[in-house]
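Paired with chain B in one complex and with chain C in the other, chain A is shared by the two complexes that follow.
And then the complex of A and B:
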C-alpha cells in the first residue's frame, strides 16, 4: 500500500471548517434550499399522518397552496374580500411589535422570555381602564388612558426582573418566564372578580382602536414605524451603543464607565413598555380579554427576533414568514381533517428547524473525504 | 309556436330556479364549519365529532362540505376562525364550548347571511339576532333515567345488607357549581330517589372540565366518606377509574366506560348531537329559520343512554328505565316534579315557585317564574339549563365557580 492512500483513510468522512466569509447570494441560496427541503419534509410527514392525503395524492397540491391560500386567498365575505390578507398583515404586525420589544433586551444578552406576560399585563391594564371608565368618559380620552395604563403595566412587569438581576444577580430567564404565569393567573383572577359568573371572557363595548382607512392599517403602520425607530435607536443612539457594549462584555462596559445596572434597568423598562404598547393594541383590536388573549405570540416573537438576528428591519420579513407558516400549517390541518392534531405545530417546527439549521451551513463549510481528495489531486 | 313554448318553458325554469333559491339551497351548497375547543382526546369534543360524522353520513354530505377545526381556545381566535370559515364558503358555523359564545356572537353580527350555532350558550334568546342560535339537550331527562339505575342498584345493595352507612349514599363528582352541573346532579339524584326514597348524595367539585387526577381524587374522597355509588359530570376517566379500583358501582357520562371498568360500570347518559346537525343542515336546505333555542329530547334522539351493563346493574333496571321513558313521552312524568309531596324540598319546604336567571345580565338577576303546573320547567325558556336550586338530600362538600 502506498503512503498517501493510508493518509486518506485516516482522514474523517466529513470535516468542517469555518467559513471566513460567504457571498450573500450563496447564503440566500442555502436559505432557500433549506426552506424547500423543509417544505418537502413536511409533505412527507403529512403523507404519513393523513390517511386522506394517502388515499387522494392529488391533495398534495392543496397542501402546498395552503400557505398561499391561508394568508392571501380571496375570501367569500362580500364586503371584505381581502380580509385574509389584511388579517395576515395585521397579525404579522402584532407579532413584529413584540419581537421588536424583545430586541433591545436580547441585544444586551438579557434573555427576556417574559414577553407573553408583559404583553398580557399591558392588555390587562388597558382593559381595567376600559372596565372602570368605558362609556363614562369620551372615547379619545379613554384610549389615551388605556394606552398609558398598558405601557405602565408592561414597564412594571419588565422592570421587576431587571431590578432583581441588577441588584442580586438573579437569573433573568427563569424570572421572566415565571412572571408570565403570574400575569396569566392575575388576569384570570381579575376577569373572575369583574364578572363572577361568566365564561372567563370579558368583552367591552368601548375602547375600540380608531380606524385608519380600514380597521387593519393603524396597527400595521405602528409596527413599521416602531421597526424603523428601533433600528435608529439601536444603531445611532448612545443608548443603543451602550446596549451593545453591555451585551458584548459587561467588564468592558464597566471599564469604559457605563453603568451596567442602569443600562439593564433602562433597557428592560423599554422592553416592557413596548410589550405594554402591544398589549394596548390587542385590547383596542379585540375589545375583549381572556387569559389566553396573547395566545403564545410572546414566545413566537422570540423565534422571530432570533431569525432576524436582532435586526429590526429584517424582523419585518421574519414576522411575516413565521405567521405565513403558522397560518398555512393551520390551513393544512383543516383541509386534511387530521385527528388529534398537533400537526400545525409539527409543520411549523420542522420548517423552522431547517431554516435555523441552515445557518450552520452558512457559517461552516462541509468537506467530504472524496471531494477533498479530488481537490488535493487537482492541486497536484 | 314551438319557439313560444320553448320561451315559456325557459321562463318557467328560470322562475322555478328563483323560487327554489328563495326557498332554500341545494344540498350540495351546504357547507358546515365546526369549531372545537379540543380534539379527540377530550370525551366532550369527541362526542361532537362523532355527532358531526354521523349527521354527515345520514345526510350524504361530501368531505368538502364539512370542515372541522380543532383546538380553538375560548379567545379572539374563535372569532378569527369563524370568519375564516366564512371565507372558506361555510354557510353554517357551529362552536361547541361555552366560552366560545361571545366570539361567535361577534362574528354573527358581522356576517348576517351566515348562520352561527352555539352549543350550551345562553345569549341567543336575548340578542335577537336572526342568524345566531343556541342549542342544548334535555340531558336532565337522561340523567334522571341513569339515576333510576343507580337507585335500583342501591336498593340491591341495601337488601343484601351491604350499605356502608345507615342510609344509601351516592357520591357525585362535578366540574363547576354552574346551573348546568346543578341541574345534572339534581336530576340524577331525583331519578335515584324515585326508586330509593331514603337516598342521600354528596357532591364534590373539581373546578375543571377535564382533570383526570382531580376527578379521581374527588371520587376516592367520596368513596372514603362512605359513598355506596358514584356518578360524575366531568370529562375525564378519573372517577370511573377510581370506582373500578375500589369496586364501587359507577354511573358514567358522555359514553360507555365498560371497556376500562367492566366490573363497576352500570350505564351512561350522553347527548347525541347528530340530530341537531341534521336539523340545522335540513333547515338551511329548506330555507327555513333555525330555532333561536333548540332543545334536543329523548324523542329527537338527542338524549340517549348506553346499553345497561347487566353484569353490574340490578335486576329489572332496563325495564324500569323503559317504563319511565314512556311516561316522559306521554307527559305524565316530569323530572323536577314539585307536586309530589316530599319529592323536592328546599329547607324542608316544597318548591312552589322559583324565579330563575334565564336572561343573562351583568348582575345575574332572577327574571322568570319557572315553576308551573306542578313541575319546574327546565330548558323551556332557553335551551341551556337554569335549574340551580340546592334541594334537600344533597350536600355540597365544596363550591367551584
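And then the complex of A and C:
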C-alpha cells in the first residue's frame, strides 16, 4: 500500500459479488425493510394524488391502519362480524391455489404465465357441465362432474404449450401468454352462445360448493392441504426430484437418464389440472361466470409464487401478504377519496417494485470502494 | 373511396398503435429483456401525454406547440416508466417476467387514476389542437382523415429502427448484447449502457402508442380503457413480426384488420368474440411455425429473459 490514492483510482466505486449464502434472519430483515420503504413511498404517492389527504394530513394514520382494517376489522353486519377476515382468508386461499399450481412448472424453469387462462378454462368447463346438467341430476353428482370437467379442461390448456415446448422448443412464455386471451374470448363466445340476450354474465342456480361450517372454510382447507401436498411432492417424490434436476440443468437431466420431454409434459399436465381445480372452486363459489371472472389473479399468482421462491409453505404467507396489500389498498382509496378501482393497483404495484428489487440485496453483496479498503487495512 | 379501401385505411391507422408498441418491445427484446410491462408503459405514455395536453390545452400556446409538447410528454412518461423496469431488471437483476407484470399492474392503475379522476372531465384533453393530428387530410369524411403526423411518425420510427438494428454498428452491438451478453462484454461493448438505452428508448416509443390511440386515433374519453389489451397484442405482434420492426408495420395492419373485422362483415354479434380471438390464434400459429422451421434469424434473441451478471460462470 505504498500509493493508496493510486490504488483507490484503479478500484471501481461499487463492486458487486454474489453472496454464497445469507442468514435467513438477515434476508427477512431486508424484505421487511423493503416492505416498509414501499409503504412509505405509497403514502407519499397517496399524498400527491388525494386532495382530501393534503387538506387533512392527519388522515395519513388512516392510510396505515387501512391494511389492518380491510382484512381484520369488524364488519357492520352484526350477524357476521368476522366477514372481512373470512373473505380475506378465502381469497388468499384461491390465490394460493393458483400459485401452487404454477409452482412445479416454475421449479422446472418452465415460465407458465398462462394460469389466468388455465383457471378460466377450468371454470368454463365446470360451468358448461352446470349449464347442461344443472338441476337434471343430483347436486353431488353435478359437483363431481363439474370438478372432473374443470380439471380436464385446465389440463388440456396447460399441456398444449408443453407439447410444443417438448417437441420443438417453442417459447413457452409467449405461448402461454397468448393462450390466456384465447381462453378469455372462448369464454365470452360460449357465454353469448348459451345466453344470447345476456349481459355477458351467466349465472347458475345449481352447483354451489357445499358449506363446511360456513361458506369459506372448504376453500381454505383445500388450499392448505394442496400446499402441504405440493411441498411433499416436490421435496420427497421422485417426480419432484426430476423437476428440480430439469430446472437446474436440462443437460444434467439428460445425462442421468431423465426424459426431459416427459417431465415437461407431465409437470404441465399437473400445473394445468391444479389451475382447473381452482377454476372449479371459483365456479362453485361464484355460481356465475364472465370472461373476467379470474380478474388477473392468474398473473398475481405468478408474483406470489416467485416471492415465495417457489416454496409451497412460504407461499401460504406470501398469498396472504399480497391479498392483505390488495385489500388494504382498496380500503385506502375508499377512505381517501381517490379513484376506487385503480388506486389499489398503483399501491400494490409500487410495493411489489420494492419487494422485487430487494431480492438483489439478498443475492448480491455490494462493496463500496472506501469501506473495502478500510477492511483490508484492518486485516493488516 | 370504396367501402373496402376505407376499411383498409382504417386498419392502417388503427395499426399504428401496434407499430409503436411492438417496435418498442422489439428494441427491448433485442437487448435480451422480455418486457411484459409494455401494456403498463403504453398506459403511462398515453396518460402522461393526455394529461399534459389537458393542462396546457386551453392555454394561449399555439395549437401546434400543444400537440408537440403532448407528444414529447408521452415519450418521456413512457421512457421514465421503462426506466423503473430497467433499474429493476438490469441493475438489480430482478426476474423480468415478475417485474414486467408488476409494472403493468402499476401502469394500468396509474393511468386510470390520472385519466379517470373527476378532474379530467369532458372537454377531452384536446378540442382545439385536434386538427393538427389529422393534417394533411383533416376535414375529409372517410377514414383517410385518421392518417396524420403521428401515423407517419410510427412508420418512420419502425423503418428507422429496422435500419439501425440491421445496418449499423450500434444495431450490431445491441443484437450482440441480446444474443450473448458475456461475449459482447468481452468484446468491449458496454452491456449495461446498451440495455438501458434500448429499454428506455423502446419504452418511450411504446408510450407514444398509447398516446396515439387515446388522443389521435380515438380522440375520446373512454379510449384509454382499451390500452392494456392493445399492449398485450403488441407483445404478440413482436413474435408475428419475427423481431423485425418493418414487418411489424405489415403485422400491425393485419392485426388492425383482424381486430375490427367483425364490424366490416355483418356477422352476428354472437361470433364477435371468435373474431377478437383471431389475432392471438394467428400469433400462436406463427410462434409454432417459426419454432418448427427453426431458422436461426427468426428466433427470439437467445438471452431473452435472462439477467446478466459479469461474474457468473
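Going forward, the second predicted complex is superposed on the first by the 355 of 380 C-alpha atoms of A that agree within 3 Å, B and C clash if a C-alpha of one lies under 4 Å from a C-alpha of the other, contacts with A are read in each partner's own complex, and residues count from 1 in each chain.
Keep in mind that, in the parts below, a contact is a pair of C-beta atoms (placed from the backbone, for glycine too) under 8 Å apart; a residue touches a chain by one contact, two chains touch by 3 or more.
What you see is a predicted model, and the numbers here were worked out from it, not measured in a lab.
Shared-chain residue A:334: touches chain B; no touch with chain C. By the touch criterion defined above, A:244 reaches neither chain B nor chain C. Residue contacts after overlaying the shared chain place A:353 against chain C, while chain B stays out of touching range.
Of the two partner chains placed by superposition, only chain C is touched by A:182; chain B is not.
Contacts of A:286 after superposition: chain B is touched, whereas chain C is not reached. In the superposition on chain A, A:295 makes contact with chain B only, while chain C stays out of contact range. By the touch criterion defined above, A:196 lies against chain B and chain C together after alignment on the C-alpha atoms of chain A. Comparing chain B with chain C, the partner in contact with more residues of chain A is C.
Look at A:113: by the touch rule set out above, it reaches chain C but stays clear of chain B. Across the two superposed structures, the residue set of chain A contacted by chain B and also by chain C is 192, 196, 339, 341.
In the complex of the two chains, the chain C residues touching chain A come out as 34, 36, 84, 87-88, 91-95, 97-99, 101-113, 116-117, 232, 235-236, 239, 269-274, 276-277, 280-281, 283-284, 287-288, 291-292, 294, 300, 305, 309, 311-312.
The part of chain A that touches chain B in the complex is made up of residues 52, 73, 75-77, 83-84, 87, 192, 195-197, 199-201, 203, 286, 288, 290, 292-293, 295, 333-334, 337, 339-341. The residues of chain A lying in touch with chain C in their complex are 16-18, 49, 111, 113, 164, 168-171, 173-175, 177-179, 181-182, 185-186, 188-189, 192-193, 196, 291, 296, 299-300, 302-303, 306, 338-339, 341-350, 352-353, 356-357, 359-360, 363-364. The touching residues of chain B, counted against chain A in their complex, run 39-41, 63, 67-71, 73-77, 80, 83-84, 86-89, 98-99, 101-103, 106, 111, 362, 364, 401.
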